[in-house]
Structures are given as structure tokens and as C-alpha cells.
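Next, two complexes with chain A in common: one pairs it with chain B, the other with chain C.
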Partner chain A sequence: MGKASSSSTAQDALALFDSFRSAYSATPTTLKIIDLYIGFAVSTALIQVVYMALVGSFPFNSFLSGVLSCVGTAVLAVCLRIQVNKENKEFKDLAPERAFADFVLCNVVLHLVIMNFLG
Partner chain B sequence: MSKLVGVLAFLTLTLPFLAHSFSPDHPTDRRVLVLLDDLAVKSSHSLFFKSLQSRGFELDFKLADDPKISLQRYGLYSYDALILFSPSVDRFGGSIDLAAILDFVDSGHDLIIAADTHASDLIRQIAVECGVDFDEDPAAMVIDHTSYAVSDTEGDHTVIASDDFIKSDVILGSEKIEAPVLFQGIGHTVNSENSLVLKVLSASPSAYSSNPKSKLSNPPSLTGSAISLVSVVQARNNARVLISGSLSLFSDRFFRSKMQKAGSSKKHEKSANEQFLTELSKWVFHERGHLKAVNVKHQRVGEADEPAIYRINDDLEYSVEIYEWRGQRWEPYVADDLQVQFYMMSPYVLKTLSTDQKGRYFTEFRVPDVYGVFQFKVEYKRLGYTSLSLSKQIPVRPFRHNEYERFIPAAYPYYGAAFSMMTGFFVFTAVHLYNK
Partner chain C sequence: MASGSLGGFLVLVLAVSICHAAASVFHPISDSHRSAAAELFAPVDGSFGSLEEAYEALRSFEVLGINKKSDIRTTTCQSVVEKLRSSSSAPKYLFYALKVNGILECTVINEVFEGIASRLKTNVNGASSLLEFYYSIGSLVLIKDQSPEVDVLLADAGGVFHSIKSLSQSDGRWRFSSDNPEASTYAAGLALEALSGVIELASSEVDQSKIGTLKSDILKLFDSIEKYDDGTIYFDEKVVDLREHQSPLSTTASVIRGLTAFATVTSGNIKIPGDKILGLAKFFLGIGIPGNAKDFFNQIDSLASLESNKVPIPLVLSLPATVLSLTKKDQLQVKVNTVLGSSAPPLTVKLVKAFSSGSKAASKIASQELKFDKESGSHFLDVLPESIDVGSYTFVFEVVLHDSEEENVYATGGSTQVQIFITGVIKIENAEIAVLDSDIGSIETQKKLDLARGSTVSLSANHLQKLRLSFQLTTPSGHAFKPHQVFLKLTHETKVEHIFVVGISGQKFEKILDFLGLVEKFYYLSGSYDIQLTVGDAVMENSFLRAIGQIDLDLPEAPEKASRPPSPAVDPYSKYGPKAEITHIFRVPEKRPSQELSLVFLGLVLLPLIGFFIGLLRLGVNLKNFPTSAVPATFGILFHVGIAAVLLLYVLFWLKLDLFTTLKTLGLLGAFLLFVGHRILSHLASTSSKLKSA
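Take a look at the complex of A and B:
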């Protein structure tokens, strides 16, 4: 009974993963690049949190600015992804060029702040 | 004319030195006004007065109703201390009244009051103002049927032999008082909430206060060791007051009498009155237990000058010198319980000072990681000693912008992350635009 249910769970997970992969392969390359970029930012943030847990929080301002630069980057990239996604009807009036310009401006501001706070 | 100017100049220059309360700058040359009911007291209590005179006090004997007596002249006190050996006076002569005596104490001068049976309301009022309540019955005396002084005639046991002293070397001297003290007079109580009043000599648990001539019909209002025979007060301004319910306590007769306490086979050659009152008067007149603090210094470790401001996490040294007046000179005060506080609303640092046994106390500590206006505080209150309360204000500032540590090795991963995010941004921008 237990064995049957666990094997069926594994099969369900596999089926879910397969359906996700097939659906994701239909995603435009632009969005895939953004996803990769978000993944890079989030994993950098995670590495820093682990590092902080090991080494201690001494230069706390540096830790905060390092992690927040990653988190900020990821959030801005998510915003860009929402706005340039053609299937998203909410932003159909907004030109992707305009969305990208917003993204660049926000990033410049973010990194200025991070540089000041990095110590 | 020029002569007159010279005299005036001389007077204005010398007047301030003629009289003063005990002050660390002029501890010697002290003038005492002694007010008596009867000049006979001068000879019947001569041993006590002689012990004061031999210690350098200038006694000025006056009758309490002398119309010319006054404590002040031209707004300056002519005396440093006052002895009231006039238990029955209803009104002082001259300008002295209750308010004048309280002002005298409030300005830091010392006072000795001896009351007796039938003490006047004025004396009782002065005592009440000092935190001491005498038995309200004017004819009452302290009676003790177990620890009275044995005499040839079977008396009414009003001459009591008391040896319940306060345990304080600074008030009663380091030499142990072997014999009991003879006491004949009225008892008083002290308010237990008043921390400034101390019972120096208490009655034994079997004592009570009542009229010895009448039959005891009601239970006495004052009984047992709640009765204080001799009390002292040290006011917040360090003025000291001695209140005794007996004038004969100070008399030559009691100073010199052989005595035996009831129930004890030990015969004493003389009572302890002389030792007790000599030591106690030394305390009251600041010959013992008066502390002064000088040379309060603080600086950064390794520097000589006192800075106007500290930075957080500075290491600093604090030192102070404390001396005790010993009648003739200032001697180093040695203790191991002196503490300094680094205080802002609450003590951030509380450290016990080390001493070099020569009066200097010192310590080192680190300024806390908090900025604001701090104080160095020393609050030293010990039984019998004058209270020391030093405070010195000092601001503490945070790091300046250029005083922070840069390029900390432990922070390199964070720097790397921030810069890799920037590089990532450029790369992503290029890829995103090229991909269009």
C-alpha cells in the first residue's frame, strides 16, 4: 500500500515535471534569458546568506547591501519579465522598449544605493 | 579716611575666614557656641568641654536666654557648630529661634542637642525637625529594671546602663567600648522611614518610658529597644546632628563614676560615657568619616590630557583621589567598594575601582557602542561616612564617516556579489538587446 502510493507520488511528480518542461519549452527566448538572470541573482543571494550563517554577521551593512543588490536585481528582472511577456494582457499597451528603459533606470538607482551602503 | 578704607578692606578680606561650616578647604579652627540653661553646667560638665577644647575647638559659653546671642553677623555665621545644653529653655534670647537653628543646620553646620525630663517644646520641636520624637509625657524617663546601674541606694532604676551601640567603627571609633554607658533621661523614637537618622545607643529590650514617680496604670507608649537613647543625623548636606535624651550623659559625675551593671558581676572603674561621647563628638564635628574627592581625571589610555569628547569604543582611564579628614590632616581613604558608573539614563558601565592604598582609585574601561551625553558618576554612601556624589559630563560621538574600517576581508564575498550583480546587469542588457 505504502510502496504503491510512494511510487505513484514519484510518477505524479515526474509527470508534473514533464508537463512543466514541455510547456516551458514554448516560452520565448527573451523570457528564458530573464529567467536565467533571475536564477543567477537568487542563487548569489542564497550563497551570501549561507556564508553569513557560517562567518557571522560582522560587516552587517556589507552583508545587507550584497544580499539586497541580488534581491533587488531579481525583483526588477521579474518586473521586466511581467511587462515584456506578450501573453500578459495587463501591459499590452506598454511598449517593451519603455519597460526596458524603466528597468535600466531602476537598476542604476539600485546600484548607486548599494555602492553607498557597501562600506 | 585712608585708615577707614584700610580697616574696611581688612574686614572684607578676613570676614569670610572668621567662620564657616566644615569645609574641605578650612577644616580646622572651629568655633562652637554652647547654650546653657545655667552656667553651673559649664563646671558640672567640664570634662566633656575640656575634651573638645583640647582638640582645638573654641567654645563660646552663653546663657540660652542671653539677649545678645546670635548665630549670624552680617549674613555670615559666627560659629561652625552649636551645642544646646539647655533642655528647659522656652525661648532663646537674641535672634535665635527654631527657624534660625534649622537654617544653621541647612547651611551645613553641626548641632548637639541634649534634652532631659521636662524638656521644653522648643527643644522637642528642634528634635522633631531632625527626625526624632521624644516621649510626649513631660515627666517620663527611661526606666529599666534589669539593666540599671547598681548604686548604694535602691533607686527607681532610671540611671540605666546601656551597651547596645551601633556597630560602626567610623561613628564610635575603632577602639571597642568595654563598659556600659550611664544614661538618665527621656527616650525617643526615630522614624524608621527616615534613613538619615541612626540610633547610636538603644535601650535594652526590658526598658520602658514612663513617669517613675507615679504608678504605672496604662501600658507605656515606648518600650524595649525601639527606644533610642542617643541618635545621630547626617543630613544630605553632610551636616551632623547629635540628639541625646539626657544632659547628665555628658556630666562629669557620669564620666567619672564607678559602675556596675545590674545582673553582671563585673565592676567597671568608670563608665564608658567619656569614651563614647569623645568618639561620637569626633564624628559629629567631622574629625572622622568626612570624605573628600579630588583630582577626578579621565583620559584615553596612553594619553595625558582630558579630551573634550570621546568616540564610541574608545578605551579610557578614570581616576579619583579620596581622602578622609582625621582631625589633623587628610589621610588616604582605603576601601574596595568604590564604583564608577558611565551613565546615560542608566549605567552602561559599572566598574569597581582599584586602589593603590594611598587614596588613588583608578580603572580602565571601554566606552560602550552607544553615543550621546554620558556622565562619569561616583555615588558613595556608607554608614557614618559623608556621602560622595561626583558627576562629570562627557559627550560620546559615533565614528566619523572616514573612521569606519574599509575592505574587511570577511566582507569580500559581499563586495563580489554586488559587483557581479552589476556585471550581470551589463551582460544581461547586452544579451537582451541583441536577442531582439
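Take a look at the complex of A and C:
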């Protein structure tokens, strides 16, 4: 009984995953690129956190700026994705180029602060 | 420790008082000068650096009677002959070469002298500066002395005299040349020597009126003389910042050389007062033994000039000892010598007056003559007069020459004042220490003290009693003696000190300590006190600082408000000792991870980036959307370059730039980026909207 239920759960999960993949393949390439970029930023942040957990937080400002740089740029990328996505009726009037300009500007400001904080 | 420092202080006070008083005794040149000369004028490898130095050394040796000619004769004569033969030698070098030759008497043939003489004569006629005249004329005079056959006489002596005299000033000083307005006393000495040379070399007699004006110049020069209180006089430059500034010593030496040269050629009919000459002699003797060769030469040469019988020969009165002990019955000895230490003509020394240094009161003694001892060559007084007791005195001596004719030859300077200390062993009598009962004054305990040997007593007292210390001091001649310093010191076990001045009452020194009035000053500290007595004076041979015993004081308990005893004094010498070592505490450096681990994580951090690129490839990303026409493509490229430039600027900011530079540059880059970004993005937007509408 238990075995059957567990296998059914696994099958359910598998089915869910499959439906997610098929749905995601319909997503435009532009958004996929942004998703990839977010994944890259978050995993870099994670590696730094692991490193910090291993060796200690001595140059704490350097650690913070490294992680915040990744998280910050990821958040900005999420914002970009929301604005660029055509499904979002809220930002219908907003040109994707304008959204990209915002993204670039915010990154410039963010990284100026990060560099200042890096030490 | 404290008593040691007090003792040191007393010694210092005594030393200072003695040094201050012992001025104005001038000793003639002695053997210490001779040994100093041998050290100062040491030739290197048998020769001196220059002929000028060689002359100074040889002249000093000659005056002091040291025979060292043979040591340096060969090499020095060689360079003398070389200088004399060379036709290009300047007058200055010829002058010193001839001076050295005058002492060493090297072999020089007459033709050489004749050649130099004719050259120098042309030099003299064409000379314009004082130094040219000085060296040329000086050399001619030297040739005249060394080789009488050579013709050195000046045809136009009057003209040369006039051109040197034209450099003089109305105050007796001279200028070095006509285009140099600064006058100097040193130059006056050189000029006098040169003019004396002109008078000596003149083929016909020089006008007496010219010599007369020169005499009045010399007397004017003496008007500007500098003076010390003890009768020392000297010449100094009026303007200190002359280009060729000379010290008072060389200035005075130069004037004396000129003066004696002038006195020689005018057969000594210039009248310089004897006390001026004596004052100058005192100036040269007063500097002791100079530390450098030039000063030494100036001193010795000038003293020799003074003694050369061209001006009154100064006689110096000196005392072998100015501290005389009454107890040891020291004799008062006086020596009279010439400045170079040779013996004086027959004379009598009188002790005219003697008065205590403090008071300018009447003389303590009647005038008396000193006896003369032929063997030691000194004048002495067998016994000091009765009226002279211990103390410091000013003795006034007078030197009287036996032959009154010689008074023009010698300068004795009239009376000489000398400060003399008469010391003696002071007798200490009736020394006793007693503890008295306060109310009736009856004696509780009384003890005799032997201050000469240093016995110690032990006493005890309470706050209702008094301590009395008394003693008498008498000089060898039986008078009461009052030393400079009489102190009584009580030191508690805890090093708290109290010092009292012991006053004199009548014939007796007495100090009464009333403990009732002193309890507060003593900080209510009961217990044992060490008693120390200090009696000191410069003329007291047995000055002492001695512990005379202890007193056990029983003082009442301190009330609450009583002041606390001061903390013990810090040892004054400790501030010269080593300081405590300072240890610097630094922050311990943070623990750093191993380098390998950090490098591994650097690689790990790059992995997502690689993953990102792989992902982009799998998604099939392309640059097809990149504008193809020229203008937008340029803007596109510039946009990316601009972003790269901003990122590069951030890297530089991290590495070395400061915030202000970065922000300035960022402003420029940002404006550029805004412009190109706007152009490319609006281009893209318009193309995409066209695409949509199509």
C-alpha cells in the first residue's frame, strides 16, 4: 500500500514536471535567456555562501558585496522579465527596449555601490 | 640618597663661588704652551701643508725656543726655493717663502733675489689693493734683511706711501681697496706694516709730516679699543658681517704687528700708554692655550712682538696660588715676569692694600714690601698679617722698578688687583644637644657632641618638649666665624625630611625646635628621626655634612583633618635612567583560509558563467537582430563599448582610483552611454513596432 502510494507520488511529480516542461518550452527565447541569467546569478551567490560557511566571514564586506551583487542583479533581471513578458497586461504599453534601458541603468548604479563597498 | 644630593649641591655652590671670584690672574707663557705647540704644529711626512703654515709653525717654535728646524728643513727648503725660482709665484706666496727662508736660511743665490725684487717693485707701482701692497712691500723688506746686496729701495716711496694712505679712514681704520667701502681694523694693521716697510725701503727720507699723520691714525685706532672689566683690552671689527671677517684675536694680532713694525722704523718715538700695552698682553694671555694653530701663532707672535722692546715691554704679575691656607701657614707668593716667561728686571713688589671682597671698606693692612727670593725668582710674604682672617680678599699689588730709567722700557701697569681666598680649619666648640621641658625650660637630657670626629647621640622627646642644638665656630685667629650654610635636617623613617636654618645669636649658633609648634609640620609622624648637621663655606677647610644621631619623637595621634605626609620624593637621578620598555600591541591578523581552497572556489564561481554560456548556445541565441545599416550598427557597437568602459572604470575604482575621480569620469561616460543607448534602443523600438504594425 505504502509502496504503491509512494510510487504514485513519484509518478505525480513526474507528470507535473513533464507538464511544466512542455508549458515552458512555449516561453519566448528572450525570457528563457533572462531565466538562464537569473539562474547563473543565483548559483554564483550560492557558491559564495558555501565558501563563506567553509572558511569564515573574515573580509565580511567583500562577501556581502559579492553576494549582494549576484542577488541584486538577479532581482533586477526578474524585474526585467516581468516588464518584458507579453502575458503581463499591466506593462503592455511599455517597450521592451525601455525596460532594458532601465535594467542597464540600475545595474550601473548597483555595481558602483558594490565596487565602493568591496574594499 | 637625599643627603648625597644635598652634599652635591653644596659642592656645586662652593665651586661656583670660587670660579666666579678667581678671575684676572694672568700667567705668562709656560711649558704647557711648548707641549701644546708640538702637538698643534705637527708636520705631516716632514713638511707642512703650505708655506704659510710652515712659517707659523717655525715662528712659534722660534719664539718658544723649541728646536725643530732640522726635522723639516730639507723638504721645506726645497719648496721655498721652488717658489722663489718660479716666475709666476704670486706676491703672497713669495712673502711666506721669504719668511720661512728668514728662519731656515736656505741656500738661495742672489740672482734669484734680484729677479724677485725687480718684479716686486713693478708690482708695488702698479698695485691697487692693500693686500697687494702688503705682500709686495713685505717681501721686499724680507729680501733686504736676507740679502743686503740686492737693491730693493723704492724710488717713488712718497707716491707709494700716498697711495696706501689714501685707503685710510678718518677713524684710523683702513679699506682693503678703493672700490670696497668697508673699512676694517684688521686692514689697519696690515696697512701700518706695509707703510713701515715703505719707510724702511725709501731711498730718500720720507716726509716727517706724513709719519706724523700716521701716528695720529694709530692713536685714533686706540680710541676704538674694546675693554673688559679686568683691564683686558683688544681690537675688534666694528662691522661684524664683513666679507673677510677676522676674529678679535687675529685683528688684535694684526694691529700689534703693524704697531711694532712702525715703532721699529720710527725708532720707537710713538707713545702708547703702558697700561694699554699691558691690557693687550693680558688679552693674549687670557685666552690660555688656543686650540688651533692659527690662533696659537697669533698669540705667540703678538706676545713676542710686544716683548721685542719696540713698545714698552709688559710685565705680568702672577700668583702661583690664589687660595692660601692659614692653618698650613701658606706663603703669599707673587711672580713678575715678561709675557713670554723670562725674568723681569730688578724690582720690588708692594702689597699696598687688602680688603674683604664683600665690603669696599678701608684696607685691613698697612702697605708692605714683599721679600725677593733669588732662587725661585718670586716675591713672597713670610707670614700673612695678623689682621687677615679667613675669607675672600682683594689684594692690591704694586710693582716698582728699582731703576727709574727703565720705567719707559717696561709697562707695569701700576697696581694690580687680585682676588685671594684665605682658608683655614674652623674650630668647633661647645657643641651640645639637649631636650628641654617646654613649660619651665629645665633640661631633661643634655649631651655633648664631638662634631669634629662624628659621635652620635640618641635622644627621645615628646611633643611637649623642645630640642636645642648649639655650637660655636672660631677661626684660627680666634674670631667668630659665620659660614654660608648651616642647616639642620631631620629625616623620618619614612624619608620625610625637614630642613631648618640654624641662626646665629651672639657668638653662638643655636636652634631650638619646639615640637608643640611643629607637630603639624611633622605630619604627626611619631618614631625615629635622623638628625643631620651641615656646615659649609668656601673658606672653611673642614666643611662637613654629618649625621649626629637620632631622636625618638612621641607625637600625638593625627586628627582627621590633618594633612597627609607628602609621598616620598622621586629619585631625581632616575629620570636619567632607562625608561620602562614600551610593548606595542598589534591586532592579531584574521585567520585566512588556505590558498588552494580559495582557488578551487574561484573556479567554482566561474562554473555558472560557463553554464550560462552553454545554456545560451542550447537556446540557439543569435545576433540576427543586430542592426545591419551603418549608423545604428555604429551606435550599437558604441553602446556596448560604453558599458564595457563603465565596467572597466569600476575595476579601476576598486584597484586604485578614489571616489571623486571615479564619479567625474562616470558622469562623462554616463552621458555618452545615455546618448548612444537612447539612439540604438529607440532605433530597435521603432523597427520592432514597424514589424508589429506590418
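Observations on the structure shown:
The working rule: the second predicted complex is superposed on the first by the 119 of 119 C-alpha atoms of A that agree within 3 Å, B and C clash if a C-alpha of one lies under 4 Å from a C-alpha of the other, contacts with A are read in each partner's own complex, and residues count from 1 in each chain.
Going forward, a residue touches a chain if its C-beta (ideal position, glycine included) is under 8 Å from a C-beta of that chain, and two chains touch if they have at least 3 such contacts.
A quick note: this is a predicted structure, and the numbers were derived from the prediction, not measured.
With chain A as the common reference, chain B cannot sit beside chain C without a clash. Within the superposed three-chain model, A:55 lies in touch with chain B and with chain C [touch as defined at top]. In the superposed pair of complexes, A:43 makes contact with chain C only, with no contact to chain B. When the shared chain is aligned, chain C comes close enough to touch A:95, but chain B does not. Touch criterion met: A:73 reaches chain B, while chain C stays clear of it.
Legend: residue contacts after superposition of the two complexes on their common chain; A:63 is shown touching chain B, with no touch to chain C. After overlaying the two complexes on the shared chain, residue contacts for A:115 are found with chain B and with chain C alike. Stretch 559-567 is the one among 253-261, 559-567 or 667-675 where chain C clashes with chain B after the superposition on chain A. Shared interface residues of chain A (contacting chain B in one complex, chain C in the other): 29, 33, 37, 40-41, 44, 47-48, 51, 55-56, 58, 100, 104, 111, 115, 118.
Within the complex formed with chain A, the residues of chain C that make contact are 590-593, 597-598, 601, 604-605, 607-609, 611-612, 615-616, 619-621, 643, 646-647, 650-651, 653-654, 659, 662, 666, 670, 673, 677-678, 681-682, 684-685, 688-689. Note for the complex: chain B touches chain A at residues 404-406, 408, 410-411, 413-415, 417-418, 420-422, 424-425, 428-429, 431-433, 435-436. Against chain B, the residues of chain A that register as touching in their complex are 29-30, 33-34, 37, 40-41, 44-45, 47-48, 51, 55-56, 58-59, 62-63, 65-67, 69-70, 73, 77, 100, 104, 107, 111, 114-115, 118-119. Considering their complex, residues 29, 32-33, 36-37, 39-41, 43-44, 47-48, 50-51, 54-56, 58, 95-98, 100-101, 104, 108, 111-112, 115-116, 118 of chain A touch chain C.
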